[in-house]
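The chains carry the letters A, B and C, assigned in the order they are written, with residues numbered from 1 in each.
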Amino acid sequence: MPSPSGGIRPMPELKRLLPRFIAPLLVLAALVLGPAPGALAQSVGDTLAKFATDRFPDTARGVEEIARSGHPTALEIVEALGENRLAYSQADRSVYVIGKDDQVRSAETGAPVADIAPNQLRRVRINNPVRSAIAAALGALRLNSADPVQRRAAAEAIMQAHDADQAPALEAALGREKDARVATAISQALAALRIVDTKQPESVRLAAIDTLAERGDREALVMLRNVPAEAPAAIRQRAERAAAAVERRLSILGGVQNVFFGLSLGSVLLLAAIGLAITFGVMGIINMAHGEMVMLGAYTTFAVQEFLRTSAPGLFDWSLLFALPLAFLVAGGVGIGIERTIIRFLYGRPLETLLATWGVSLALQQAVRTIFGSSNREVGNPAFMTGSFDLFGISLTWSRMWIVVFTIAVFAFLLFVIRYTDYGLRMRAVVQNRAMAGSVGIRTNWIDALTFGLGSGIAGIAGVALSQIDNVSPNLGQGYIIDSFMVVVFGGVGSLWGTLVAALTLGIANKLLEPLAGAVLGKILILVFIILFIQKRPRGLFAQKGRTAES
Amino acid sequence: MIVQRLAGRLGLSELAFVAIVAGLAVLVPLANLTMPEGSLLHVSNASVVLFGKWMCYALLALSLDLVWGYCGILSLGHGAFFALGGYAMGMYLMRTIGTRGVYGNALLPDFMVFLNWKELPFTWYFFDWFGYAALMVMLVPGILAFVLGWFAFRSRVTGVYLSIITQAVTYALQLAFFRNDMGFGGNNGLTDFKDILGFQVQAQSTRAALFALSALALLGGFAAAKAIVSSKLGLVLVAIRDAETRTRFIGYRVEHYKLFVFVVSAVMAGIAGALYVPQVGIINPSEFSPANSIEAVIWVAVGGRGTLVGAALGAVLVNAAKTWLTAALPTLWLFVLGALFILVTLFLPRGIVGTFGAKFLGRRGTK
Amino acid sequence: MRFTRRRFLGTTAAVAGMALAAPSIRAQGAPVKVGVLHSLSGTMAISETTLKDVMLMLIEEQNKKGGIMGRKLEAAVVDPASNWPLFAEKARELISTQKVAATFGCWTSVSRKSVLPVFEELNSILFYPVQYEGEESSKNVFYTGAAPNQQAIPAVDYLMSSEKVQRWVLAGTDYVYPRTTNRILEAYLKLKGVKPEDIMINYTPFGHSDWQTIVRQIKAFGSAGKKTAVVSTINGDANVPFYKELGNQGVAAKDIPVVAFSVGEEELAGIDTKPLVGHLAAWNYFMSVDAPENKDFIKKWQAFIKNPKRVTNDPMEAHVIGFNMWVKAVEKAGTFDAEAVIDAMVGVSVPNLTGGFSTMMPNHHITKPVLIGEIQADGQINTVWQTSGLVVGDEWSDYLEGSKDLISDWRKPMSCGNFNIKTGKCGGKA
C-alpha cells in the first residue's frame, strides 16, 4: 500500500483532520497513484461481479466500490456503464466494456478480447439510483481530469451528490486548481459539504455559508436550507439570512424569467397568427384552413428530417435550414392551389370562405392522417436548439430563444416585402381598391393568389418552428387556429403591427397570470379580457380608419 | 288569428316543412310504439333517438339562422347557448337520480362523491324541481345573450369582431366547464341519467315522447322565427343586416332590435340543448367547443342562409350524412364531408333551399 | 315547383330510409360482427387509430384459425370522431343495427361514460382497454386496462422505496382521471406520512402546449433539499411539449424523475427521447418485455401493419387480452348471446403478453402484473421493477371516502356493481 500522504500537499486544516479521514484518503491516494496491481486484484474481481448480478442495488454498489478502488480502468468502466456499454457474459459472469467502436475489452484489464462479439453479452442495465451513483462516481474520478470543463462538471456532480466522503479530495483539488472558474466550483462544492459538517469549526461553516450565498442559485438555496435545526444559532441565523437573500434574488429573477416566458409564448402566438394576419387580416378570408398550413409546415420538417436521417445523417443539424424554404413552398403552393380552385370564386363573400376553408381543413387533416398516420411523428431538435443557457441567472432554453429570434426575422421579412417590394406595392393597391388597381394594369387575381400563397407560406414556416416545441400530429393546426384568430382580431384586422403587439401582450399577460391563477383560469381570464377589450375598442388595438374599415 | 296570418305568409316549401315535421312528430312515435318489430312500417328505437337528435340540431340551426340570416349577426358561439340549456337540463336529470347513483348519496351527484365534495354547490340548488330547471334552460342562455349583446351591440361591435368574441365566449366557457372545480363534472360531464318527470329516460315511450316534443319544439321555434321575420320588426332586422348604418340614421335603435333577436335566438338554442341532453344521455364541455358552433354555422350555410327551412334542412342533411358516412366510410368520410362543404359553397352559394326553393319561400326570404 | 317538392320530400325519405334500414337477417354460419368503436378522426385519433388496427389484426387472425365455433368474424368499424354524443349514437348503431356480438372500443373516460347507458340498455358487451380512474363497475363493461391500484400506487411505492422520494408533484390535465388518481395518491401519500407541504398539485388544460412556467415551478419545488418526483397524469397529447420542455430545461431523471401513467411507446415515438432517459412510466405491459408471447405479437403486428418500426403499447395488449378472453368465453358459453357470454367471462384466464396469465375477476376487471420502466434513448421503456405477482384491479378505491365500502361482484346471485359491505345492500347506499 502506498503511503497515505503521498502526492498530496496537505493544507493546515487538512493535516488536523487526517486521522478522521484516513480511509477516504486511502482511496484518494489510490486514485492518484494507482494501486499496486496484485493487491487489489481480488477485491476488484468481487466488485466487478456486482455488475453481473442484474440487480440494480448491486450495480449501484459496484459503481461506488469501483470508484473507490482506484482501479486503472475504473473511469472507463463507469463511463461505459453510463452509456450502456458495460456488459457481462451470462455464462461465466465476467464483465466487459464494449467500446464505442464495438470492440469488446475486459473490464478488469482493459485488454481487448477477440473471441467475443457484443451481441453475445448482456448489457448491464441501469436505473435512476444507478445513474446517480454514476454521476457521483464520475465526479470523484474526473476531479483530476486534464480538461477544466470536466473538472468543473465533477465539482458540480459532487455538490449534487452531496457525498461527504469527497471532502478531502475536493480540498486537495482546490489546492491544485489554477483555473479560477473551476476553483470557484470546487470551493462551492466544498462549502456545500462543510455547511452541514458538524465537525467543522464554526468559522469554516460560516465562511461556507457566505460562499454559497454568493453562488446564489437554486442549488445554493437547497444547501442553505439543508442546515439542520440543531446547528448552532449563529450558523442557523446566517444560513437563514443567506437563504432569504438568495430567495429574494431568485424571485426577482423569476419575475424577469416570467416576462421572457411570456415573450416566448407571444412569439409562438405571433408566428402562428402572422400568416392569418395576411389571409384573414389583409385579404378578408376567414381562413379556417390556416392551422392546416402550419401543420403542413411541421410535416415538411418531419419529411426533411426523415430524409436526412437515412441519406445524410451528417446534415441533420442543418435540417431546419432545408425545411424552411421547403415548408414555405409546400404550404404556399397548397395555398395558391386553394386560392385558384376555390377562394377566387368567393371574393366579396367572406362568410362563405369560412364554409369552404373549413371543408378544406377537414380534407387536409384527413389527407395527412392517411399519408403519415394519425400518431405523433418525431421531429428532432438540432443541437443548437437543445438545452438551455444561463443569462444573468435566468435560464433560457435555446429552442425558445431561437423561436423569438426567428419570429422577429419573419416579421421583419414580411414588413419588408409589403413595404418595399414591387409586389408589396401592388398588393396594397389591390387591397385598398381592387377596381382602381385593376384599371391601372395590375393583374389583381395574380396578386390575390400570391398574397394567399404568401400567408400560407408564412404559416408553413411557422410550422417548422412549432415542430420544435409541440406535437407533430394531424391535430397540430387545430390547437392554434382559435388563438390565431383571437390575436389578429385583438390586434385589429388588417394591421400587422397590431398583430405583433396583440400576440406579445397576450403572451406576456398569460404568463404573468399563470403562476397566480393557474394555467386554466389564466387562459379563461385572457379570453374574458379580449371580450371586454373589444367592447371598448370594437375594431381592435390598431383600428383601420376610413372607408375601408367598414366590414 | 295569428296562426292564420302566419299561415298566409308561408311559401310552399315552408308549408311542406311544417307538414312534414308535424307528420313526423305524430307518425314516428306511432310507428315506433305500435308497429311490431320487423314490420315495414316499424321505426327502430335507434332511429327514434337519432331523429330526435336531428330535430334538436335543426332547432339550433334555426335559431342561428334567425340572427345570422335575418340580422347579419354571425355568431360563432351559438353552441354555448345550446350547451348551457343542455347543462341546465342535465343538472335536473342528475338531481333526480337521488339515491340511485352508484354511491347512493341522496344529495350529491356521483362525481362529487368520489371527488370528496361535502356539500352541494349553490349553483345546483333547486335543480331538483323541473320547473326551476326548465326556467333556467331559457334564462341562463337568455341572460348570457342579453349581457353579451347589450355590451357588444351598444359598442357597435360588428362583423368578424362580433363573431370572434362570440367564439371567445364559447371557448372560455368550454375551458371553464372543463375545470372540475366548477362543479359541473369536468370533462366527463353529466351522464347516467335515470328519469325525467318520473318517466324512465331509457324507456321507449319516453324516447318517443321526447322525439315528438323535439319535433314540436322545432315547429314552435319555426313559428316564432317566422312570426318575427315576417313582422315589421323583421323588416327592420333585414334592413340592419343589409345596411346597418343607414338603418341607424333613419332613426331605429339598431342595438335594441339586435339585442331582442339575439336573446330570442339564444333561448331557442337553449331549449334545443335541453331536449338534446336526455336523448343522447350526456352533456359535456366539448359541446362548447368552437368547432361545434362553426359546424352549426355550416349547417345553416348548406341549407340556405336566411330561409329558416333551409337551416333546419341543412342540419338534418349534414348530420344524416355524418351518421351514414362515419359507419360506411370510417376512414374517408372527412374527405367526403369536406368536399361537400366546398362544393356547396362553390355551386350552391345560397344553400340548398336558397338555390332551389327561393321561388317557393314566403315573402322576404333571401336577399 | 314539382321538382323542388319532390326533391325535398325525396331527401327526407332518403334520410329516414337510411336509418330505418336494418339488415337483421342472421343465418347460421353467417359472419358474426364485432364492433370496433375507436375514433379515427378528431383529437383522439392519435391514440385510438392504432387500437382499431389491432382489432382488425386480431379478428383476421381468429378467422385464419377458423373463426369461433365455425363462424367467421367480421369487424364493424365506425368512426365516432372524438365526439362524445356521437360515441353513444355509434354504439347504438353497432348494437341495434349492425347486431354486433361484442364491441371493443373507447379511450377517454367520457366516451365510456357516454356509451355506458347504451350498452346497459341494450345489454351488450364492451371491452374497454385503457387505464382509467376506476369508480365504476358495469355488468356490460369489461375493463381490461389498469385501475389506479394497478398503476399509480405501485409506481409511488417504487419511487418511495427505490428512489427515496420524499416530495411529490402531482401534475395532471384537468379532467376526471387525473383528479381521481391524484386524490387517491394524495390520500395514500398522507397515509405513508408525507406532509401536505411536500405535495404540490397542478392542473393544466387539455392540449396545453406551453410548459415553461410549470416546468420551472417543478424545478423550484424540487429544490427544497428533499428528493422530489413528478407523478404525471398529463393527457397523451400534451405530453410531447411537456417532455420537450423538461429536456430543454435540463430536468434530468436522476434529479427529478417523472413517472407518467399516460405515456407509452406510441407517445414516445413522437419525441426525441435522448434527454428523457431515466424518466419513468408505469404500465402493465412494455414493448421491451422479454417474453415469447410478446416477441410473437410484435412480429405479427409489424407484419400486419407493414411497418417494421411500429411500436406496441399497453392498451394494445389490453385489447389482445380482452379479445382472447371474449373468444374463450364465447366458446365456454357455446353461444354469442351477450347474457350468456357475460356470465361465462368471469374466471376466464388467458395468457397476457408479459409471460403470465390474466384472469377476469368478478368485478369485471382483470389481474395484471404492474411494471415500472425507465425511458430509453431509443424510445423504448425498460422494466426496472415489477410486482412479484399479479394485481387485481380494484374498481372502488380503498383510499376514497365515498367508495371504500363498496365492492363489485357480477356473479350470481350477487350481481351487483356497487355492493356496500357496511350496509349489506346493493346500490351503494351508506
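Assume a contact is a pair of C-beta atoms (placed from the backbone, for glycine too) under 8 Å apart; a residue touches a chain by one contact, two chains touch by 3 or more.
Bear in mind the structure is a predicted one, so any value in this text is a computation, not a measurement.
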Looking at which chains touch, is this a line, ring, star, complete or other? complete
Indicate, using Cα centroids, the chain positioned nearest the centre of all protein chains shown. C
How big is the gap, in whole Å, between where the Cα atoms of subunit A centre and where those of subunit B centre? 46
Counting only Cα atoms for the centres, state how far subunit A is from subunit C in Å. 31
So which stretches of subunit A touch two or more other chains? 365-366, 478, 520, 523
Of all residues in subunit C, which are in touch with two or more distinct other chains? 40-41, 174, 203, 205
Pull out every residue in subunit B that's touching 2 or more other chains. 175, 178-179, 331, 334
Which residues of subunit A touch subunit B once you look at their complex with the stated criterion? 280, 286, 288, 342, 345-346, 349-356, 358-363, 365-367, 370, 478, 482, 485-486, 489, 493, 520-521, 523-524, 527-528, 530-531, 534-536, 538-540, 550-551
Quick check: in the complex, which residue numbers of subunit B touch subunit A? 74, 148, 151-152, 155-161, 164-165, 167-169, 171-172, 175-176, 178-179, 245, 290-291, 294, 297-298, 301-302, 331-332, 334-335, 337-342, 344-346, 349
Could you please specify the touching residues of subunit C with respect to subunit B in the complex? 1, 3-5, 7-9, 11-12, 15-16, 18-20, 22, 24, 40-41, 77-81, 83-86, 88-90, 92-93, 96-98, 108-110, 113-114, 116-118, 121, 135-136, 174-176, 179-180, 183, 203, 205-206, 400-403, 406, 417-418, 420, 425, 427-430
Complex interface listing, subunit C residues touching subunit A: 40-43, 45-47, 49-50, 162-163, 174, 202-205, 207-210, 212-214, 216-217, 219-220, 223-225, 237, 240-241, 244-245, 247-250, 253-255, 257, 266-267, 269-272, 275, 278, 280, 374, 377, 379, 382, 384
Tell me, which parts of subunit B touch subunit C in their complex? 12-13, 16, 20, 38, 43-47, 49-51, 53, 99-105, 110-111, 113-116, 175, 178-180, 185-189, 191-193, 202, 280-282, 284, 286-287, 313, 316-317, 320, 322-324, 326-327, 330-331, 333-334, 356-357, 359-360
